[in-house]
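Per-chain residue numbering starts at 1, and chain names A, B, C and D are given in the order in which the chains are listed.
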């Protein structure tokens, strides 16, 4: 029962989630090393997570013979180079989405990954591992809804976080709302429809926080996708959900449909009071997708142990970036964009 | 297409509901006459409902040859005598529950009704005609839940009305919470289980409005019923539902169960706001059972036209009073009461 | 309490609904006359609804001095002429949607209606009078969701009716799915957003019933609308909802959102069985909008009595047709259409 | 960051759940030792969980200086002796419910535990650590429902497991349905009402599986509790829930109520198909309370590390057994039982 020894790079908010899961919640994994340029993050890894080895230099961590796999949760621009370094060093690689920020880099990275067919490469589209989405997929594969032909996807960040996002300086560098927010929904559409879109049209608006407009972005955007096989996709992304973090997906097929999370319930308790019957909602993505992050990492480790290929591959990363970019272009130009 | 001509007695809150339904919503009925000792009520009937004839004296209305049927919505103590007068005058009779306030009067009235087998007699257990309850019954009859063996019934009046009820002087004369509130739930239990209870145990408490205790009653009461055929019933009645008017019933059987109205939704709209996902609730019985009152009156008229016997008969009235009285005694004595 | 005397033209499926409501469920109305070219329909009106006067000729009914108002439920192509005839004859007019089948006729009819400002004219967008939609509107007007900026509308007819629709020969004459199905949803968007769309893009697909394609139409269509004030609309219409008749609308605003009918519950009963917890769904529009049809007709009669202007006016009819036509063109051409 | 080293006794179904949680999901814990009289269970612990030391003899494991804490998941009859041995050896103790099978043993064990105030003792009422129940408790403590005065508790095992339970020979030895099934619900009642019951009445029935009767038990039982402070409890336990594992609790207070899990949803996905809108349900307690088992063990470990006393103490165990026994007696005798 030898454990897979993992080194992680990046210990920001999401990095910590992955690090803690690897340290405490993934039976077959051992968090052996951590890499960061921030001292306090490395101290946290040592003291809170019991990590033995810490690195400032990612390339050095890759050379560590005590590490079998690398988990990349660094800023997106570093992804291609770090993937390449880790693969060359013979490590299995899990990389957070996006694969890369430009389409060219995605394609180059895709080629790079293909050179190492015996090393596991997995991309962090964790929603596929969320119990509800995984269940939906399984039901669809069992024929429960016949042939899926329309996916309606909604992903809206909590309004409670909007102002701090606007203060952070991130928005102007984000590539736009579609580049920043749509990739998970687009990945779900592709996954459920088993196809790629051929064309996209998009509209946007900014009503609550004018600063999104001032910072060159929009607050809310809607897109319609025409898929190659004739299926369709409706997308709604936004940054101002008042009731909490709202991720909802409906997959409509010839024999039925499945809807995931129309009410983003915090838990199974309902309060009845003067207001009525009230269901409190999840506040953010770590709360909503806590289990999904655990499950995807389990899958990564299991794939290494069982020499399997994960369901999410490098091409999914390229396609997500490609389609997000097309949707962003559609949004910015107001024209129909062929993908 | 001759219409059934109806005379109504009693134009209080519930009387008006019945009168308006008869005047405007029941295809085969015509509200021809109204009886009340309150002038303003008779004016309302004439002016708002277009009633042609008004009476101060119920016996006089019964002699009116232009009336085919009488609807009794007067205070409960008048029911037996009015039923008897109307039947003797050859009229069909619809009487609001309860049949009578004492068991003796119930039994005497039951005998009286039996003397007029060709006249329709129907008692106002309108919940049986509510679309959701009628659907539940139909599903059960179709075998959807196998053999029902447990009914859990909840009936709680809105807290918003508690203080005015306490001010009204009604509570000390009500006969107690079980006599006043439990009859509909008990009727539903009997209807769904197709049996009568053999014994009852009850407990009560008063926590929010001490005045219920001061007025010799309780605010909330729970009872457990053992039915003759081995089935069971759990009852919860109360007067202080904060979120609205809460009527909920679950029927549990060997192959499944049916639950009616766990959230007493006002309508099909849900609000998502800072509080979460909020379903506003119905405020009172006219809102919740609006359609049931229409449907039961349609059934009364249809029974007259089609010479049928209604599903709710006079014996149901006796049994409801009998069982309420037993539950009330159980509540007051703290002992198990054999029915 | 003089009743408004109504003559109806058209006694097909929806005509009967209106006729029965007028005959039995609208306090202030009296169904006095009926017009049809089908003998059996007139017999039905006489025998079942107690209508006194029947006409083969609509113009003749309009000349009847015993009629105050005319309700038009004839085939859409007759609407403009019948509206004009009735108005000229001094009658108040309720007309089922659409106002007319061409934009030119809509505009001409709009001009015609304006000539009779003292006569009530109302168009049958009954969804606005559905208790849930009316509640949503009221909540929005009270500020519950701040400023609305996105409406997501779904309207899918039951799959159970698809084959008979395809057999009926109606599809090729329908003008296309957007012309036939989208007007209620578009009216709701305009009503909730208080604005008109400026541009539309649409896609369609036919997966389950190829005959829709063979008959020159599509089975399912999605459109995205950009409104003049910056708001957005997402529309999904279809003809193959497996679980029943699915009408759902979400209105998203700066302070919250309201969603109407995500589960088109048949009633308040839920069945728990081997399948899980099952909510049966409404089967068709008469079941879903039964109350809405009553309420809109009450409003029409009340407007006559109280000399008020209804919320739904003739311009709403022109706009619905205009926007449906634009959506249809977008669907057929695949291009963005400016409205 | 020294880990708490744990030895576990009992590796049956629930034992494995605890063992796997300790091995993989509790950051501060290390599963160091396992005790069982079954060889295959010890092999499982070594091979699957990486446990270093295995024991046939519980007393021997208690003497192991490398163990800080003992987790007891052995058959209930062993609990008192094993608790005592472990405490004497200076270990912290987590024991699955029930504390003991007789009231005398409970009281003796309670005395024993009190002798070791510096060692953590915790009883496995895991429902208190389920996220939904913990949330309910927190909301209640924050005043969201005012003063709680009625708890309605339902606990029904899946019908799918009934026949194998009847085949297992367990039922006649179980002490009866109340002793076997009611303790979690009773613990929740005590926890939410912050009080103990003074009297209980109970009824039972067996309709679907006559073998429960043949084996001296009942299939379903209902009880009503009168609490010392005037509050009330309604309990429904059973063994034949057709739709899955049904645990539901409602806490009703003066300012509102909280209901946990009226639909025991498997996840956040809903299927719409010919049946209607279908929510699949959880199948058994490991599925429903997976997270609760993790959370309670985290709390046990945290209490050791932080030298805190857990919320669930030894007295809760005595009371649960005492009250279950009273309910069982009420069920068997048909009389009101004073507690």
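Just so it is clear, a residue touches a chain if its C-beta (ideal position, glycine included) is under 8 Å from a C-beta of that chain, and two chains touch if they have at least 3 such contacts.
Worth saying up front: this structure is predicted, and the values here are computed from it rather than measured.
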Relative to chain B, which chain has the most distant C-alpha mean position? A
Could you let me know which interface, C-D or B-C, is made of more C-beta pairs in contact? B-C
Between chain A and chain C, tell me the centre distance in angstrom, where each centre is the average of that chain's C-alpha atoms. 42
I'd like to verify one number: the distance from the centre of chain C to the centre of chain D, where each centre is the average of its C-alpha atoms, in whole angstrom. 56
Centroid of chain B to centroid of chain C, CA atoms only: how many Å? 37
For chain B, give me the residues that contact two or more of the other chains. 242-243, 255-257, 259, 262, 264-266, 270, 272-274, 280
Where on chain C is chain B touching in the complex? 1, 20, 23-27, 47-48, 50, 131-133, 135-136, 139, 144-145, 255-262, 264-274, 280
Note: in the complex, chain A contacts chain C through residues 146-147, 149-150, 152, 201-208, 220, 222-226, 230-232, 234, 236, 240, 242-243, 252, 254-257, 259, 262, 334-336
Listed in rising order, chain D residues that touch chain C in their complex are 242-244, 246, 263-266, 270, 272-281
